[in-house]
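What follows is subunit A paired twice: with subunit B in the first complex and subunit C in the second.
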Partner chain A sequence: MAATLFFWLCAFLAFFFGLGVIVARNPMHSALSLVMTFVASAGLFLLLHAEFLAWILIIVYSGAVMVLMIFVISLLNLQRDEPIEFTAARRWGVAFVVVFAAALLIYLFRDASVGFTYPPKPAISAEWGSAKAIATDLFTRYLLPFELASVLLTAAVIGAVVIARKPDPNEINGMESTGEEPSNQ
Partner chain B sequence: MTELSLAIYAAVRIGVIFSAVMTVVAFLPWIERKLIGRFQQRFGPYRVGPHGILQPIADSIKLVFKEDIIPNNADRVLFVLAPTLALITAVMNLAVIPFGPTFELFGISFGAVQVADVNVGILYIFGFASLGVYSLFLAGWSSGNKYSLLGGLRSSAQMFSYELSLGLSVVTVLMAVGDFKLSEIVLSQEGGFWNWWIVSPKWFVIPGLLGFFLLLVSAFAETNRLPFDLPEAETELVAGYHTEYSSMKFAMFFMAEYINMIVASSIVTTLFLGGWHAPLPYEPFVLAPGWMWFAAKVFVLLFLFIWVRATLPRFRYDQLMNFGWKFMLPLALFNIFLAACCLLLADRFAL
Partner chain C sequence: MIGLNHYLLLSGVLFCLGVLGVILRRNVLIILMSVELMLNAANIAIAAFSRYPLFNAGTLTQEDYMTAGNGLVFVFLILTVSAAEVGVGLAVVINLYRQRSTVNIEEVNLLQG
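== the complex of A and B ==
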């Protein structure tokens, strides 16, 4: 009973704020709606017995990724109420997405005429979804993808450092000698 | 036990913990002002009631009756949402803190003095702490004021930077205990202060001391307390993110800050100072109930918060960032490495 209520609450919030992400005119409201969508999705994860994942979702996505996003939005001097032009390409794009989404929904819910048929719930152990169970999986069965992901992240960090670093003074001198205008950096 | 009786027990626990913490929150500003008065060779509040004890009540009456102003430039929804969010994220953290062992009232056992002993334990607190960043940032952004925006930006950058060393300093204890559950972390420190993780011989003392130091400093930064109160540095930013707030909205930020101080002290107590365990496992000490020991430790840490505020000047902003990223973070990473080595060694020699 309580679980059902909780499910509908989270599902409604996720849907409502998910809509808010694309409908809101103000990019800040849009980003905050995304934060709330993550939080509501974390609630759904909780119902699935995946407590660890739920909190990781909140800490990493709502807490870290979105804070950076909002940081950037607040630093951009945004023009409010920018009118949206409906060009032909955009119209076709919208039409395509609507048709595709409708087809997907019809495919997913084609059993709905005979009532929803949920697959039988597999029995899960009490450990399931805990940090221990996830860590065991990550470091045994999925070790290679896990390590590959970490290599990818390291590459991304190095890339970020290269982009953000101050230019080498020698490099600028070299550019000054060839270029016409001396750069101030 | 039926679902209804479980719900009633939970409601009693929530009521007891919430009202107890709120009472402390009400009088904490008075304690702080009194102590800072003493540190600065003056009396502090003295007029309202004996030794000014009724000052918090006078202050809250004043705040309730003040005019509630929303600036024209403000984003109204977010302006109202920000203080609410600050208070909610602060109060939610109280739910998982283990204040004491099982307690009895009128012969009925109500379970541990803890609203919910969740599996994710410490992660729960990090989750709400990271959501709490939004409240300060939104307050700054939605006010439509330069100083507020700068304060908000500073607060989010600062909390973001120190969250890393906060999380990593906790990892050491998690490695030693092998569980996220806060109640398990407290139970692992049973039997005298030499078993508390701050000085535990299980990992040769040093990782514990380092971790305690890192956690404490990060906690100061996370709660925006001096010397890390850059977001509200009055000499540069008027009052930072809450410049435009008045009346109860301001009071909510104020309450959230004090609740966050209590939560931070409770986390340090739970992780490193033995939680509700008595410092010596012998007769006169263990007679006092666990929650009293917990409260005593939390008050010592709160005193430390106030002491530091009265003693240290504020950092400059670049110093704050350098300290966070170039000192705290590498040290926290090194500490994890050190703790792992120590734990392996201790395991090997079966200490």
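== the complex of A and C ==
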């Protein structure tokens, strides 16, 4: 069963690199682990026949978003983080998450109505998950959310530029200007 | 045979990893990445539910499924929103580092006084 093997390969890659994101002391290693997690998730999307989203995940996420993140990490010149210290509140948080994960595991394994062999994979048309199918939905049924998403992106671009821009010393008092990386405006 | 549950299980585990990252780490960049991990887990769950609809759970039939809207559109929209979130979040981090020279959120307590 090539599909089963491929699922477990992607699942373990996603899990271990996801673990790498939260245990790596160097933020750059975390970012690279996150890239690999997205690549593994793209493999899972391929297995779900969501080909368009798989490539979008690789191009937009591993390609653009994570490059931005890595760019910021190298811009900030960070040193290694201190090791995680387990305070009482954090122990409770971890215990809660572990209990939640265990409950999820038990539920998914034991409840027959969502058992591991159910439901059968339904027959789908060949172009389900293709760019054509998603675009058809996006531009007909979900036109308003699509347009709102583009408004959101525009707002985010403008907001990011305004927030990250170097503060004008005449404009705001009490903000020190460190004189690094002049922004191109 | 891989079913819906396998994807849900993986999605839940990845989500828990993201929550642990937010709880345990103090570096704001790694917290941002953990949030991305959680969004990715949600995307996997949505794509899996879109591929394996629960016919027995409601009155949904195979014909409904063939003519229903595509759940993958929601994954697409979540990707858009999280890209916007990363852009604004990184801008905030840059501004924070410029003013406080740190990305440790323990040291950012201006509002608490």
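One rule holds for everything that comes next: the second predicted complex is superposed on the first by the 158 of 185 C-alpha atoms of A that agree within 3 Å, B and C clash if a C-alpha of one lies under 4 Å from a C-alpha of the other, contacts with A are read in each partner's own complex, and residues count from 1 in each chain.
In the analysis below, a contact is a pair of C-beta atoms (placed from the backbone, for glycine too) under 8 Å apart; a residue touches a chain by one contact, two chains touch by 3 or more.
Remember, it's a predicted structure, so these values are computed and weren't measured experimentally.
On the shared subunit subunit A, the superposed partners subunit B and subunit C are arranged side by side without overlap.
In the superposition on chain A, A:Val99 makes contact with neither subunit B nor subunit C. In the superposition on chain A, contact of A:Ala149 is made with subunit C only, not with subunit B.
With both structures placed on the common chain, the touch criterion links A:Phe52 to subunit B and to subunit C. More residues of subunit A are in touch with C than with the other of subunit B and subunit C.
In the superposed model, A:Ala133 lies in contact with subunit C only, and not with subunit B. Look at A:Gly63: by the touch rule set out above, it reaches subunit B but stays clear of subunit C. Judged by the touch definition given at the top, the superposed model places A:Ala14 against subunit C, while subunit B stays out of reach. In the superposed pair of complexes, A:Val35 makes contact with subunit B only, with no contact to subunit C. When the two complexes are overlaid on their common chain A, residue A:Ser74 makes contact with subunit B while staying clear of subunit C.
Looking at the shared chain after the overlay, A:Ile22 reaches subunit C, while subunit B stays out of its contact range.
Closest CA pair between subunit B and subunit C after superposition: 14 Å apart. Across the superposed pair, subunit B and subunit C both touch subunit A at residues 52, 56, 64, 68, 75. By the touch criterion given at the top, residues 1, 3-4, 7, 11, 14-15, 18-19, 21-22, 27, 30-31, 34, 37-38, 41, 44-45, 47-50, 52-53, 56-57, 60-61, 64-65, 68-69, 72-73, 75-76, 78, 81-82, 84, 90, 93-94, 97-98, 100-101, 104-105, 108-109, 113-119, 121-125, 128-129, 133-134, 137-138, 141-142, 145-146, 149, 152-153, 155-157, 159-161, 163-164, 166, 175-176, 178, 180 of subunit A touch subunit C in their complex.
For subunit C in complex with subunit A, the residues that touch the partner chain are 1-10, 12-14, 16-21, 23-27, 29-30, 32-34, 36-37, 40, 43-44, 47-48, 50-57, 62, 65-66, 69-70, 72-73, 75-77, 79-88, 90-95, 97-99, 101, 103. Per the touch definition, subunit B reaches subunit A in the complex via residues 75, 77-78, 118-120, 123-124, 126-127, 129-131, 133-134, 137-138, 141, 149, 152-153, 156-157, 160, 163, 180.
Those residues of subunit A that touch subunit B in the complex are listed here as 26, 28-29, 32, 35, 39, 51-52, 54-56, 58-59, 62-64, 67-68, 70-71, 74-75, 130-131.
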